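Alright, structures below, take your time with them.
Shared chain: chain A. Partners: chain B in the first complex, chain C in the second.
And now, the complex of A and B:
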């Protein structure tokens, strides 16, 4: 079966997120008010072949620890949706 | 009211996503099979003060066109959740 997968990778709480700080500062400079705790992360979307949804999630978790996510400073969440076949 | 906002920014369909291609190639090299259409985007999370949910979405749309999103090559989707006050 083919799954449409989405992996959200965000900086861990307490880890300095320089990109988030830069975005927050720039938005404030542009005149936006009342913003706080801006964090910038990554999203990885892909089509993935697997026998079951459970297997798809297992593969994605393995991809995260192998390549996509730096476990020391980032956390990830996985969502998977069957798309057919 | 305070809202927890999430803005997902992904490359438009048809636009070459070099980062996605690099991830796809590397995953294949690492031995992962059956992956396709890998796309890498950004996620921006923030706390935002606004009177209503509708106003919060309007502010975030404005932030996207001002700074967060390059409309020529990227699309965005916004989700907003009230968190109190």
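And now, the complex of A and C:
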């Protein structure tokens, strides 16, 4: 089966996110009120072949630990959607 | 003594390091492409130079840390061989987990290219044994991701173990610490070594402080001499 996968990678809590702070400051300058704890992360999208959704998630978790995510400073969440066979 | 400089796509300090090492240390230097799986001549010192390997894609040093040559670099380090990572090389060493920590974006969110001063914090390793503990050296910096980060408990561990080798400092007073770090590095850390002292990573560029008629000073020569002398004392020339 073919899955459309998305891996969302964000800075871990407690890790200084200078980009997030800059974005938060600029949003405040633009007049947005009541915003706090802005964090900037990244999304990695891909098409992925696997027998089951469970297997697809396992492969993506392995990719995160091997390359996509630095677990000292980042956390990740995975979503997969079957798109065809 | 033999040195190998690993070249990644996007390395841009490899030739500077080659020149500094061959002129200051008077040693043979092999330039090794990152796709090699082994060193053709077993080196005593492996250097991962500065630059923007793989365009800093994903995270600085992330892709380079998974290059074929890295396995041989790890084996060299496991045998007690010396590994030095400068700037992007330091980022690569943290990505390989050969050194703890991560280098985050500078607090200013800008690329900083400037003169910089670091205090020698310890000399009980194979890189700085020829320097004086507490002396302040001028090495230039040029980076966007230089904020050394470790969670508090792990930061304390490397501090307690005396693994901080260089700390950003004030030239006039010799004081060092976070307030003198141009990039926001925790505890003002500019360079750390491994537990056994045979792996060193630092953000400043000692290879850029080796030419007298340029403005970067010549303190880098003392750093390279220190490494060469440590080898000479063991009979390796």
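Here, the second predicted complex is superposed on the first by the 85 of 85 C-alpha atoms of A that agree within 3 Å, B and C clash if a C-alpha of one lies under 4 Å from a C-alpha of the other, contacts with A are read in each partner's own complex, and residues count from 1 in each chain.
Everything below uses one rule, namely that a residue touches a chain if its C-beta (ideal position, glycine included) is under 8 Å from a C-beta of that chain, and two chains touch if they have at least 3 such contacts.
Quick caveat, the model's predicted, so the values are computed rather than measured.
K.L.:
Let me test your reading of the model: by the given contact rule, A:16 touches which partner, first (chain B), second (chain C), both or neither?
P.N.:
Second partner only.
K.L.:
Considering only the touch criterion stated at the top, classify A:68 as touching first (chain B), second (chain C), both, or neither.
P.N.:
both
K.L.:
In the three-chain superposition, say which chain, chain B or chain C, touches more residues of chain A.
P.N.:
B
K.L.:
With the two complexes superposed on chain A, say which partner A:37 touches: chain B (first), chain C (second), both, or neither.
P.N.:
The first partner, chain B, only.
K.L.:
Classify the contacts of A:24 with the two partner chains as first (chain B alone), second (chain C alone), both, or neither.
P.N.:
first
K.L.:
Quick check on the output: what are the common chain A residues between the chain B footprint and the chain C footprint?
P.N.:
Looking at chain A, the two contact sets intersect at 66-68.
K.L.:
Going by the contact rule set out above, which residues of chain C touch chain A in the complex?
P.N.:
Interface residues on the chain C side: 58-59, 62-63, 66, 95, 101-102, 104-107, 109, 147, 149-151, 184.
K.L.:
Which of the residues in chain A come into contact with chain C in the complex?
P.N.:
Residues 14-16, 18-19, 22, 66-68, 70, 72-73 of chain A touch chain C in their complex.
K.L.:
Write out the stretch or stretches of chain B touching chain A in their complex.
P.N.:
Those in contact with chain A are residues 8, 10, 20, 23-24, 26-27, 30, 32-50, 59, 63, 66-68.
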